[in-house]
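Once you scroll down, you'll see the structures, which are given as structure tokens.
Consider the two complexes below, in which chain A is the common component and chain B and chain C are the respective partners.
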Partner chain A sequence: MSHRPWHIAPLVALFTILIVVFLVARAKLVPETFGDLGFYRAQALDDVSELEISYAGMDACFDCHDDVFEEKSGSYHDGLSCEVCHGPSAKHVDEPDEFTPTAPRERGYCILCHGYNPSRPSGFPQILPEQHNPGKVCMSCHEPHNPLLPHTPEECSACHRDVANVKQVSHHATLECVTCHDVPDAHRTDPRNEHAEKPIDPSTCAKCHADGADSSEKIPRVDIEEHGGRYLCWDCHYPHYPESK
Partner chain B sequence: MEQMLLNISSTLPDVSGYVFPNEYVLQWELLIVVYPYLTGLVAGAFILASLERVFKVSVLRPIYRLSLLTALSFMLIAPLPLLAHLGHPERSIEMFLTPHSSSAMAMFGFIYAWYLMVVLLLEIWFDYRKDFIIWAQEASGLKRLMYRVLALGTKDISKGAIDFDEKAGKFITILGIPSAFLLHGYVGFIFGSIKANPWWSSVLMPIVFLFSAIVSGIALVLLIYMISTMFRWKKMNMACVNKLAEFLFYAIIVDFSLELLDFIHRLYESEESIDILSEMISSRLFMSLIVSQIIIGTLVPAVALAFGRFGGFYSEMRRMLFFVAAILVQVGIFSTRWNVVIGGQLFSKSMRGLTVYKVEVFGMEGLLMTILFLVVPFVLLYFMIKIMPPWMDEGLEDIKLDKSNGVTSPPTTA
Partner chain C sequence: MKSSEIKREQQVEQTPEIPSDATTETTPTMPRRQFLTGLIRKATAATVFLGSGGLWKSLFAQETNKYNPEDHDYAMAIDIDKCIGCGRCVDACKKENEVPQDAMHFRTWVERYVIPSEGETLVDSPNGGMDGFPEIDEDVDILRTFFVPKLCNHCANPPCVQVCPVGATFVSPDGVVLVDEDYCVGCRYCIQACPYGARYLHPEKHVAEKCTLCYHRITKGLVPACVEVCPTKARIFGEVGKKASPLRRFLRFKDISVLKPWLNTEPKVFYGGADGEVT
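For the complex of A and B:
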């Protein structure tokens, strides 16, 4: 090249300055221990461990409240930590007479976990708070440390609110759950170990929907052999809401 | 929290079907619509400029610098909607200090910086350096100092130096094209790579974004050129305007074909999401997708451009057609961004329901903020044009002298 581009020297200088400024700023601003252990500030571990501890953990309660602890252990609330209801109680463990934990006695608290919400799995105990003994505190019937039901629920909807709600407005509204499901009585008291059956073949539906079935005239009929081909009926029809596409 | 519950309850009645609790309220709102719209304009305007520079489409000479300045002014504003949305602008620096290589967003910070510092600013500097020096000689006082600073104190305007500037500028432009592609392709990439969202997840996304960016960029420069020439009382360079309209037309065709391809692909694949998506298109997105994006924003302008460009009209009529088409294109592309960003959040990932989005007027993410972010780039551009006039109208007379090209009166309506 005949011409030497000296005129861009200031530009080069400017960029060099910018890069140096950036590097210096980076060296200054990035925390010293950043990256030592991973993509974070290693010092943060020490900082966090110096924070005051507010939760004592469930085992700590055992020393003095073994009665409650034991009661809860065998119950449906086994999986819940004490402090999920009583709040952080580390101070109480250190000085039981100085600090007493609160106990959530209002209805609202239990509803946080037990209010009906469609995203909760079917079978998780849920209630509609407006309908479930409104006005009374939960503790008058349920013992929080061992929430046994006062009596066995009669309705499947007590535990399968989601299914019941849908079925209620469907064309299958009039059908009892047990028309299709074989449910041992023990399922109502111990659902996790005593399983309810789900239909496994189309004969369940055929009882009412087969061409020659002995059922009400109004029920629509299909040719069970042909209709739906090799698929199960509920691959296409949601049995609790059969009209959905 | 209470406010949020109030918001939720005010929209609840409009929710249809089943929607997960965390889907009632949209997380990405109007400002996130504005952001890809702005970066699109940047990339589009820059690619237009490079057409002139690299591919030597010399009729576009009059808008070369204008497109660069447009790109710059929109580039400077584009990140602001994001910062406003995140609400902690002071933390944005962290992304540069400790970027994580597995984060597309973090890496993009560097693409953005690269594009701004190395591509746009450098190209503009090399292109304007000679003018800065000349303007500095002509001016005095503070103005002189400003041009001196802008020229970084250089004074060499020998032929060798200018030739070097020219070469360097060209080199940077060549570098700039893939950078511009990356700039907007990335925005599409961010959306396209969200696996869990069937409305977004598509490998075509970056490409579709890119072409819609080109469409919007060309239309914007066309608009700015037309309006600014009117106000400067100059005659429009019809050859240039024609070419712009032509490119705009082609870009619309390519963009529309790509969107159509994407659409047909989804329809044919017909995954489990197809039902809820078609329900969304025919209800929630009907106005913004079918009417605004496709009919008003694509088909009408395409026809108008085709007529204007190839229909053999007088230039007065052409200009009208182009002008209207360019405005409609902006409406269309904005709707495109809306449909992507808002659309992707309107349907439930349960595929069973749709929520609603209501634009708020005030507030950090409201309508007023949005309008502000859309207006500020133009204000910025106005000042840039004042300081460094981009006009290159050698060979064009003032409008009053001209009687030859069907123009009889200055176009006062606009």
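For the complex of A and C:
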């Protein structure tokens, strides 16, 4: 009969206890759904998705306020969500009488979007708050749900403030926009569908800058045929600020 | 091929499947036996189907049609050419997600880039762009300037998830990087690891928080709060895999870039018309 290795017995017992302790601790400590979908608690997905919403979404507003829907559709504020101005209104949807959404009346709120800022994309309607009827509330002239202009803009700068700002400090300050742009009358009232034309060839610039042009002698002249080779004038010179490098 | 020929071929194919105990029977009886076994099988299946409530489920499919994260893969696109920097998205995000109302904690924020003719690009985001931007210094000779909204990029290969020691942050099956608030130990590793600075430690809860793409909204069929309020539709929310959606159209027609592509994080926030200076 071979000699039995009794001295291993305490070790086996110790390891068994350790493994049992580990298994029990693991069963106690690891959350229930951990590992179901990956190295995380699958229950967390439901926990996050069960959070309350604050913004109800525009469709919820129009379930009741169909008159505002009519007024807004087709206007410049068509796609603008109601809650941009009226604030988060999910509570109002649940209990219309308990909670009333806010309605900003102050001038500063409109200026958040429509105040002039050079970083804004060109063509976005912007005003200079200090010059544009200071002190007057925007709503006294503009209806926010259908913000038509109270009168047809006379100056291009009413909308193209960024271009006007640059042009007025350039050598082209005295030039009317229509000197170079062919602007249909309808562009003033329907700018999104009736576009102003841009020059398409150097002949527009040649009217003043060609060697034989009938214009002031102080205007710099070039040989339009030779100058710039195959490039167009505005490939190198910015027409609204021609002296820029 | 004539129909009779097809039948003959099928019979030939079926011959090897005849069980050995059936060899004594003649071949013409085979189809009848198969017909009967088939009938029994179908009857059993129908009984099981009805018994397990399959019919009930199929009749009232709408009620049992639970949101399945496996069916979605969310992403967002941002049109730099449309952003007016009004900061309504920042405001809406804070209100929707109860982000602390101070100038240190944001899930999304708007940066203003001012690229001068000479020198370094200036980037600022006072209070996340919520209250507008101050005038640009008159001495700066502006070459280009624009706004860039930022948020968690919901990377397909997120560094923040890799470093989390407890598995409290993860990529959900629908492609959103989320934080398990109950399981986070607040060690801040993920805040360090995020190359986009999109995470913060909640000052009271002491857990890491971040943009969830408004997971509680999108799972209910709504769009994220920032997308809902964006006045110029500069933010486009959608799914990568779904064709004929505004997101797919945007990805097809715009010059698309992602932030810090050299990190191989595979971001799922796509920028359209972004300047090379944007990082």
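Please note the rule applied: the second predicted complex is superposed on the first by the 200 of 245 C-alpha atoms of A that agree within 3 Å, B and C clash if a C-alpha of one lies under 4 Å from a C-alpha of the other, contacts with A are read in each partner's own complex, and residues count from 1 in each chain.
Basically, contacts are C-beta pairs under 8 Å (C-beta built on N, C-alpha and C of every residue); 3 or more make two chains touch, one makes a residue touch a chain.
Here the structure is a predicted model, which is why all the values come from computation and not from measurement.
Asker: Looking at the overlay, does A:212 come into contact with chain B only (first), chain C only (second), both, or neither?
Answerer: In the superposition, A:212 touches no partner, neither chain B nor chain C.
Asker: Name the contact category of A:83: first (chain B only), second (chain C only), both, or neither.
Answerer: Second partner only, chain C.
Asker: Quick check on the superposed pair: does A:135 touch chain B, chain C, both, or neither? Answer first, second, both or neither.
Answerer: neither
Asker: Using the touch definition from the top, say if A:49 reaches chain B (first), chain C (second), both or neither.
Answerer: second
Asker: Now for A:150: first (chain B), second (chain C), both, or neither, which partner does it touch?
Answerer: A:150 sits against neither chain B nor chain C.
Asker: Between chain B (first) and chain C (second), which, if any, makes contact with A:26: first, second, both or neither?
Answerer: first
Asker: Give one of first, second, both or neither to describe whether A:220 is in contact with chain B, with chain C, with both, or with none.
Answerer: Neither chain B nor chain C is touched by A:220.
Asker: Counting touched residues of chain A, say whether chain B or chain C comes out ahead.
Answerer: The partner that reaches more residues of chain A in the superposed model: C.
Asker: For A:6, using the defined touch cut-off, is the partner it touches chain B, chain C, both, or neither? Pick first, second, both or neither.
Answerer: First partner only.
Asker: Considering only touches as defined above, state whether A:58 meets chain B (first), chain C (second), both or neither.
Answerer: Second partner only, chain C.
Asker: Jot down the residues of chain A that show up as touching in both complexes, chain B in one and chain C in the other.
Answerer: Shared contact residues on chain A (touching chain B in one complex, chain C in the other): 34, 39, 117-119.
Asker: For chain B, which residues are in contact with chain A within the complex?
Answerer: Of all residues in chain B, those touching chain A are 18, 20-21, 93, 96-98, 100, 117, 122, 125, 129, 152-156, 158, 160-161, 163-164, 168.
Asker: Touching residues of chain C toward chain A in the complex: what are they?
Answerer: 67, 69, 81-88, 92, 95-96, 112-114, 117, 132-133, 136, 142, 145-147, 167-173, 178, 180-183, 212, 215-217, 219-220, 222-223, 225, 228-229, 231-233
Asker: Which chain A residues qualify as touching chain B in the complex?
Answerer: Residue list for chain A touching chain B: 2-3, 5-8, 10-11, 14, 18, 22, 25-26, 29-30, 34-35, 39, 117-119.
Asker: For the complex, give me every residue of chain A touching chain C.
Answerer: 31, 34, 37-41, 44-45, 47-55, 57-58, 79-81, 83-84, 87-88, 111-113, 115, 117-121, 124, 245
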